[in-house]
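I am attaching a structure below and will ask some questions about it afterwards.
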Amino acid sequence: MADTISRFPVAELDDLPADLRERITAIADRSGFTPNVFRALGHRPAELRAFLDYHDAVMERDGSLTKAERELVVVATSGANSCTYCVVAHGAILRIRAKDPRIADRVATNPWTVELTDRQRAIVDLALALAVEPATFGAADLDDARDAGLTDEEIWDVGAITALFALSNRIAHLTALRPNDEFYLMGRLPRD
Amino acid sequence: MADTISRFPVAELDDLPADLRERITAIADRSGFTPNVFRALGHRPAELRAFLDYHDAVMERDGSLTKAERELVVVATSGANSCTYCVVAHGAILRIRAKDPRIADRVATNPWTVELTDRQRAIVDLALALAVEPATFGAADLDDARDAGLTDEEIWDVGAITALFALSNRIAHLTALRPNDEFYLMGRLPRD
Amino acid sequence: MADTISRFPVAELDDLPADLRERITAIADRSGFTPNVFRALGHRPAELRAFLDYHDAVMERDGSLTKAERELVVVATSGANSCTYCVVAHGAILRIRAKDPRIADRVATNPWTVELTDRQRAIVDLALALAVEPATFGAADLDDARDAGLTDEEIWDVGAITALFALSNRIAHLTALRPNDEFYLMGRLPRD
Amino acid sequence: MADTISRFPVAELDDLPADLRERITAIADRSGFTPNVFRALGHRPAELRAFLDYHDAVMERDGSLTKAERELVVVATSGANSCTYCVVAHGAILRIRAKDPRIADRVATNPWTVELTDRQRAIVDLALALAVEPATFGAADLDDARDAGLTDEEIWDVGAITALFALSNRIAHLTALRPNDEFYLMGRLPRD
Amino acid sequence: MADTISRFPVAELDDLPADLRERITAIADRSGFTPNVFRALGHRPAELRAFLDYHDAVMERDGSLTKAERELVVVATSGANSCTYCVVAHGAILRIRAKDPRIADRVATNPWTVELTDRQRAIVDLALALAVEPATFGAADLDDARDAGLTDEEIWDVGAITALFALSNRIAHLTALRPNDEFYLMGRLPRD
Amino acid sequence: MADTISRFPVAELDDLPADLRERITAIADRSGFTPNVFRALGHRPAELRAFLDYHDAVMERDGSLTKAERELVVVATSGANSCTYCVVAHGAILRIRAKDPRIADRVATNPWTVELTDRQRAIVDLALALAVEPATFGAADLDDARDAGLTDEEIWDVGAITALFALSNRIAHLTALRPNDEFYLMGRLPRD
């Protein structure tokens, strides 16, 4: 039932302004289903549009951070924030991007000690510091990231993704956003 | 010096795409100066544009939450997150919107116990719960807000502003964003 | 490789005393594989034997707590403790016991607010209080559980399972215990 | 009165299965009284038996960790967990094992900064990391322990004792287990 | 040795100004020894004098809070602050004032759940709220105390003692203040 | 109204003993107004007297810590403790002593990462460690301070000021002490 997707009214695709309907339809066509976040945020079309723009700006941007690395930031910080929608939905994307059916469960359950490459560890440590303890985030965190070889533009990318999902996690907690059933199994089986 | 505004390169107005230059110029004309957040985020124009759109969507939206109440959410959660830029800049705006030269210092220093009206207290409690402990945010928080008379649309507004400044605070921590000197005194003297 | 299962040497089945070899073989026959915890703890046969005995005493005991409810306690507290082995392994068992392919991810990611029946919520709240904040666990927690209809024997069961997995989670953290690959997919597909 | 020992029914020695009655009687004979933990856990004989076996496996094991060092782990982690029964009962044992009438109060009150030898400090730091913050326990903690000269078998011992008392502390909190009066003074006077 | 009492130089009685020498001598005559806090703080006579005055003002004041209740506040908050000197020294005084050889160990180890009378529980809860989480201390804490029958003057007493030992605990942590050996056994044996 | 200064009765200057009336009058003459803390603490003249003596002993003492440095300790720790009275009142004094109209807002909002000189950073780090996490304060904190060039007497000064304001913050929280309106603007304008 529609009302279990969110604590608030959700949008039907037909209710959305044309530009949003078109964007969401394109995503739904690629995924095979409409991720619930779009129907829930669709309750406020202007907020949905800004969210999509911010998302594309940091997640689709050309740059040296790979798509799997970007999803790693999302899953690690969403795990630290206990955000079920983001862990389940982006966990699926991470499995696909990283071509690893088990990485998402490991990262989301314990981002602090999951075994990663040195570069991945530096990315995750930077993200966790900013996500969980923003008050004490500082120069030492940047120095650690640079020591691990991250460029300043990569550091910004990690920080901006962390910041966007600090927002996104809170929207999901606010709305009690339910993950689509389809996400749970995506990327777990050979060749999906 | 430009390089003390942010840890990252900052944009000059002339470097920005026309639409952003126009929006920032309009803000600067109203304020008498260009808030540093725009120059810092201008390093990534697409992110700045999405941020401005999200900001306008939740801060300028018509609705029953007053402008002072919206700034109250920003200052309370930014205080809880120890975010200097947001406390100083939005503290100035809160003083002006609330026509109260002392409210911002009190709210930012201790949002948990500052003396407020019952409606303000319900708004701030809801915002703090989502800002600081998202993992345990739940139905009880919404019930408390409804018991205090907040409508569901007002609850969304409080939540969405909290979420946006969870992002904004982290961008400020990431960049070590420096507040413009002008903010410190705004709204503290009679008739400014 | 054997050495990636644990930070410490792991036991081959043939190295174990006969009684343990027999017990582990029986489990492996049922599961189709030998859960890594037994090989890791097998480094200390006396500890493995006591662990198995404690496990059977609280997890296999006759009583009114269902097997799914027992696994719910394990997954909720292991999620709160960020214990990857226990979340992955017992998440698989919870999916099977509860006949619900999505419950484990939801409980492990956010045990505090996951939607549950009132009885399940009372069980999980009791378990989380004892797992995460033992110092302040007290009469009020028991009163809440009794108000929700739990009997004193059920309260003991919840507490004893929580206590055993406080131990188990720490052994897993100590050894960096790796979940068997088989667990990740168990109970996610129709009829497994 | 029996009912003040635990929130749950307690066992009389005569109610216990013969093997447990024998083991507890032997302990009582050595101590001069029956420690309450055995009567409280005796409510569930199978759990008591597994607990005694686990206890003996890690506390009585031959190895290079001295008996005083093992009790140091118990008192430090039980102090960090604010567990009155374990602090009072094992504090008594620590005083006796360490032949120091003041060490238990100092360790239990502040395990983080109590003055210890370097080896004791390494043992306590390892134990506290695993007891209090299991989610972030990792390779760095083991490295610190190894740098201080602990062998891997000693590290396992410290970890296993910490894990067992994570269980034991929670059983004591669950049952509101009352320390026997006799423990408070044991080891405080010359030659007891 | 003098240098193990404190990280800083300690005063000999003869070094102190006459008024302090007289006060400390009177205390030492009553106790049978000179509590180390006086020698450590004696390094700064003006601070020692103000400390003694504050102490007498809140601990010796006429009023309805009994001396045992005042020590209960000290031991509970010092336990919560893991302050070894204050727990050991005031634990001794509490045992004597309350004529109970076991109360101090129980209160210091777990002030949150130790079994107390309703009035004692209200006193300790008020003290812990102010000691440990001052930022969120507020009207609700006072209401709880009043509901339990505390007068406003008693509430002030509890608060002022808590505040003084917030200072005192930090001086002890700063100086690594060592409790005199004599304190450990005081009040534990019949008729001392 | 007098009753909004504190939750408890406040003293009029004329009610105070002559010595206190004289001291407070001298302060009021210098400031142009009577800081509310003196009227609130005046409810208990003996406590006010001891507080003034302690304050003068650590804040007015001759020594190498400058007056601005002393206020830096007060504002940093009061910010960490979310103490509105102390942040507002001592923020004003810090602005004046440091001749910097913006330093207090920056230090109070985020003492952990505010940009300071190395010596100021060492002072603030030492103070925060003792103020916020006294249980783990230890030799490493002193070593860091010494490495930054602080003498042992300066370390004591920082610690003693931190300790006094741990007390002072809690008195302010206890009484809901309201800052005088005059403080908010002091030191913000050229030449006040």
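Order of writing sets the chain letters: A, B, C, D, E and F. Residues in each chain are counted from 1.
Everything below uses one rule, namely that contacts are C-beta pairs under 8 Å (C-beta built on N, C-alpha and C of every residue); 3 or more make two chains touch, one makes a residue touch a chain.
Predicted, not measured: the structure shown is a model, and the values here were computed from it.
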Exercise. In contact with chain C and with chain F at once: which chains are those? Just list them.
Key: A, B, D, E
Quiz item: When the contacting C-beta pairs are counted for A-D and for C-D, which pair yields the higher total?
Solution: C-D
Quiz prompt | Repeat of the D-E interface, chosen from A-D, A-B or B-F (over half of contact pairs identical by residue number) | solution = B-F
Quiz prompt | Averaged-CA centre spacing for the pair chain F and chain A, given as whole angstrom | solution = 44
Quiz item: What whole-number Å value describes the gap between the mean CA coordinates of chain A and chain C?
Solution: 29
Quiz prompt | Residues within chain C bordering two or more other chains | solution = 82-83, 110, 112-113, 135, 137-139, 173, 176
Quiz prompt | Chain-chain contacts as defined at top | solution = A-B, A-C, A-D, A-F, B-C, B-E, B-F, C-D, C-E, D-E, D-F, E-F
Exercise. Using the touch rule from the top, collect the residues of chain A that touch chain C in their complex.
Key: 79, 82-84, 87-88, 91, 101-102, 105-106, 108-110, 112-115, 173, 176, 181, 184-185, 188-189
Quiz item: Mind pulling up the chain B residues that touch chain A in the complex?
Solution: 7-8, 43-44, 46-47, 49-51, 53-54, 56-58, 61, 81-83, 130-131, 134-135, 137-139, 142, 152, 155-156, 159-160, 162-164, 166-171, 173-176
Exercise. Would you tell me which residues of chain B are touching chain C in their complex?
Key: 135-139
Quiz item: Can you list the chain D residues touching chain F in their complex?
Solution: 110, 112-113
